[in-house]
Amino acid sequence: MTFDNWLPLLILLTSLLPGIVIFVLPEERVRWRTTLNMGGAILKLGLIGIMIWGVRHEHVYDFRMPILPNIELVLNADAMSVMMTALSGVLWFLTTLYAIAYLETSPQSRSRFFGFFSLCVSSTVGIALAGNLITFIMFYEMLTLTTYPLVVFRGTPESMRAGRIYIAYTFGGGAAFLIGVAWLKALVGSVAFTEGGMLAPYVGAYATQLRFIFFLMISGLGVKAALVPLHGWLPKAMVAPAPVSALLHAVAVVKAGAFGIVRVVYDVYGIEFSGELGLLQPLTAAAAFTIIYGSVRALFQDELKKRLAFSTVSQVSYIALGVGILGPIATIGGIVHLVNQGLMKITLFFCAGNFAETLGVHHISHMNGIGRRMPWTMAAFTLGSLGMIGVPPMAGFISKWYLGTGGLTAGKPWVIAILVASSLLNAAYFLPIIYRAWFREPAGSWSARPSIGALETHWMLLFPPLITALLALLAGLLADAPFSPLEWARLITAREYRP
Amino acid sequence: MTISLLYALVGVVLLGIGLYSLIIYSHLVKKILALNVAGSGVFLFLVATANQTSGPVPDPVPHAMVLTGIVVAVSATALALALACRIHQVTGTARLTENEPE
Amino acid sequence: MAISGVENPVTAVLLNFRGYDTLLEIGVLLLAALGVFSAVPSPVILSKSTPSPILILLLRLLLPFIVLAGGYILWIGKYAPGGAFQAGAILAAGGILLSTAAVPFNRFATKTMSIAMGIGLLTFIVVALATMMVRGNFLQYPVAQAGTLILVIEAAATISIAIILTILFIGGNPEESPTAKDEGDKAFIIERDNTTK
Amino acid sequence: MTLPAWIVSLPLLAAVFTFVFPRIRIWAGIFTAIITPLMVVFLGREILAHGAIQMQVGGWQTPLGIQLYADGLSVAMLGITAIVIGCITFYARCYFTGDVSSRYFWPLWMFLWSALNALFLSGDIFNLYVTLELLGLSAVALVALSQTADALSAAMRYLLVSLTGSLSYLMGVALLYAANGTLSIKLLATTGAASPSIATAFALMAAGLIMKSALFPMHFWLPPAHANAPAPVSAVLSALVVKASFYILMRLWLVIFEPFINPSTAQLMGVLGAGAIIWGSVQALVAERLKLLVAYSTVAQIGYLFLIFPLSSITQSNHTAWQGGFYFVLSHACAKSAVFLAAGSVIYSFGHDRIKELHGIVRRMPVSMFAFALASVSLIGLPPSGGFIAKWLYLNAALTGGHWWWCVLIIIGSLLATAYVFRFFSRAFSYSPEVVEERPVPWIMEWTALGLALCALILGFIAPAVTTLLDAGNPF
């Protein structure tokens, strides 16, 4: 075992161990807790940096531990896992910063919050680094469990109800996924992720069973990825505190589902083989329907977080759409959207949290003129929304561009129609907010301007959305630079389609 | 019909009677008695199996088993009776209520 | 049968060939007594009334014979039907007579009672472990001493069995009985019956 | 090899000492709780190195003498017993402080331990009967320890069931002895031949053992007994005592009966297991008290154990099914004891365990609730936990043979388990500002529960080692 073998585990432990220690820490040890949180986050970023560099240079990071006779716990880093890990590492750091300020006055236990928060990020990293389906399941279920206490964190009847719904959906999905995996294991004996897929040799004997297994696994993953009709839990889970919604909806949970779909299609079945089996059309159809449905529902929400939640439902399916369209260009679009959507959506949630925390504004109808009171936050919000709509040069534009051209190349022009329709709908539900915030007269009880010399809100609440908005902008502007998300998605695609 | 077969059959019948009474009677002392009858049936059966050896001396192992079994039965009966007394003290009845408040 | 150290085959099976069963069985007996103690805080049978003089007289006459019979049965177990359980049961009959005669136990008796209850099992285990250290196997008696060791175990077991059976009859811990504390002095000492053997 | 004898004798000696010298009872108990696990570890090393161990008690060969027999399976059971009882001993030391029942708890507790050890080491069907009785009586006495009307009735019912079960088992022993002239399991395996008396013996023994291990529909005695006993007792009853009779049934099935018995018997056991899973889970869903919920969860989990019969009758997955079944036994032992201890801490602190009134308990006793949650992960069968490994082995066994309906059952059971666990947690997490009177719980009580829950978790990571141990000496 060398350092390269241990690195994936170390990255996992940088959030797992602080999480465990935080549980044990007494409530009033604020400084210890903050140090642990931030120290772990920074250390994780450093290690991820090493890993990015290494993967680019074809290093193999592979940690194995047998957990069953002939099944191993595998953590390894391929191009795809590094991207996901980097995304969660960066966003964890920012969200932790945000959460520390956000929860300063919470009556609930902050030890519990940050403990589960760290475990939740560890699960996400574990999902990203999982080298086979068993390891994936392990962290996938751990994610469900560790997010539950966060969803019900406030303990109000409403949040308890949301928690119940969340559990019902996710465990139902988890069970379907588990059966799929167990079946696959019994059928072919292997559950490892292999670049390019590993099931093609079995097509003759097991085609029907493999189709059924695919259905089970995708419907299991579809719950977390909020594919319609499995999306019901997501808007309800909005009762969670803002940092939780931000991380949950931008990275951890929905991305775990989307990432799982990507893994199953590319690294278990193999994209070409999935196409041969005819598995992709239903997936694409479900994704397309979800995109439209989510956007339409978002139009009618007045509560800001609810509108964002339905927007998530819609946007995450871009990833599934990119996966479903057979062809490298669409693949790039789908994969890059994993990152882009994460950056943009977390920005929006941070901002929504700022409005709620600073001014007590939860509804869009109360947002008149809010841009004058909180210009920086609103600027970040604007950038995020424009990105969602797909206005160049924001990150969202890159995703949509590749998805569109990918659809055309694959001979599916209707993809363009979906994209256009969805973008129009995005514009329809985001632009009014932006208009209200900047151009309407303030009606709220807050003073029109922040006092001179003071920030509009706590700096730890303000900087994270600014940074993520900036990153979302840069991801679009510098799309061709080395180590940009797009460039990385191309690397992944090249490896997936490698003959 | 040998005498040991008769013992064995009587043993089985006693076991049956004991188990039947255990189920139909609700008074605890009767239940405990029923268990003892059933136990005696098993012991009788065991003793009957001792007659298998060809020689004049019967097999001692079943006797030892029966002795052990009797001691165990005495102990269990004592504990059961003590519990029954206590239940009578606490609840005022020597029967188990069908659906206990849970 | 010679190798077992006793001539009665049933005793040989009980104390030697399948002695382990018997060890656990004495455990069951002690356990039942403990169960009764813990379930029933004070004895069910012992009453506070003063013993009737006739019963006392009967006891005075009977007890020596009971003890004698117990000792004989214990000893004869080596050659013929008999042994610790039978002897213990006979002695227990004496104990039961004592308690039905409402004879309370004195303070000394209650203190040593728990020792007497445990002594049978304790001796058995100690002998079993000691023989294991000497000869390598649990309860593997040295051939020459087998008879003696079996008698020692049986004697100790008889004491315990007698006490425990009496206690099971009384249905509770006499230590907790109200009479044990104030009227202790004028009573028989139940242990004396067994220790005289 | 004298270790097996020591493993039985030490707790037995401790039982006598804790009773005769009550002043040192706690120290004698704790001493035993430390030494016995060590001896089990040494025994395990011996068996891993040299295979199964036989010990002829008294030096007499079978059929004359009794054989103690230890293979990997016995050591695994001894080990889990040592871990669970060892941990609970420390818990009990705090739980019973200043309580009159403490005086009798310790000797009874040591008797129970000794009975379990003797049972797992026995290679003789009559000796097994004696250990069963020792176990049953100590368990009953422990249930009665809390002296409430409910506990006494529950103990009485338990005693009657236990005695009936033992008698039925003893009758089976008598039949086997009459047919084969031996009591040794090893010899019975070689001398047995299919005959009506073998079948009757199996029916009697299985019926008795099923009663004692509370398989649906013979489970009626379990919920009151386990719910009303003092918490350390409930924990060990659910974790170990019901498993002990299951263990005997498995041993007999594996060594003696499997070739002679009609395969549809295995399916019948599976159906009863399915009934237990569904019925137990549904009852747990509507239970109003926490400990009752946990007790019904035990009923359900026992159902999983009996799925071992149909699954192991699938030829190509026989071995996987056995491992899965015993992995269930091990992980359930840790998880369920942790859950009961946590529930016990709740009662200790609040004086009741009515689920409806346990708002916001997560804030008041976070460690216990964390233990509860962690153990629930294993009970539901979510990764990473021992319960998941067991479930995975089962799924694998069922799917390899194409018997997918068992999979559906297992998954339904998991979902129901999720439902009843989270029904409690949605109370436990809810926020209520009201101040409830509570009694501080000693940290040892909270942390032993957590320790056991962590054991269930760790079992999810060490499956290769555990399955190697289970296979040592080829018990399957």
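Going in written order, the chains are labelled A, B, C and D, and every chain counts its residues from 1.
Everything that follows uses one rule, which is that a residue touches a chain if its C-beta (ideal position, glycine included) is under 8 Å from a C-beta of that chain, and two chains touch if they have at least 3 such contacts.
Remember, it's a predicted structure, so these values are computed and weren't measured experimentally.
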Chain whose Cα mean lies nearest the overall Cα mean: D
Distance from subunit D to subunit B - Cα centre to Cα centre, in angstrom: 27
Whole-Å gap separating subunit C and subunit D, where each centre is the average of the chain's CA atoms: 34
Length of the line joining the C-alpha centres of subunit A and subunit B, rounded to whole Å: 67
Cα-centroid distance, subunit A relative to subunit C, in whole angstrom: 75
Shared-contact residues (touching 2 or more other chains) in subunit A: none
Residues of subunit C engaged with two or more neighbouring chains: 18, 21, 25, 28, 31-32, 35, 39
Of all residues in subunit B, the ones touching two or more other chains: 61, 65, 68, 72, 75-76, 79, 83, 86
Contact pairs between chains, per stated definition: A-D, B-C, B-D, C-D
List of subunit C residues in touch with subunit B within their complex: 9-10, 12-14, 18, 21-22, 25, 28-29, 31-33, 35-36, 39-40, 44, 85, 165, 168-169, 171-172
Residues of subunit B touching subunit C in the complex: 57, 60-61, 63-65, 67-68, 71-72, 74-76, 78-79, 81-83, 85-86
In the complex, subunit B residues that touch subunit D: 8, 15, 18-19, 22, 28, 31, 35, 38-39, 42, 45-46, 49, 52, 61-62, 65, 68-69, 72, 75-76, 79-80, 83-84, 86-87, 90-91, 96-97, 100-102
Of subunit D, residues touching subunit C in the complex: 2, 5-6, 9, 12-13, 15-16, 19-20, 55-60, 64-66, 68, 101, 104-105, 107-108, 111, 114, 118, 126-127, 130-131, 133-134, 137-138, 140-141, 144-145, 147, 152, 155
Subunit C residues touching subunit D - in the complex, by the definition given at the top: 16-21, 24-25, 27-28, 30-32, 34-35, 37-39, 41, 114-115, 117-118, 121-122, 125, 128-129, 132-133, 135-141
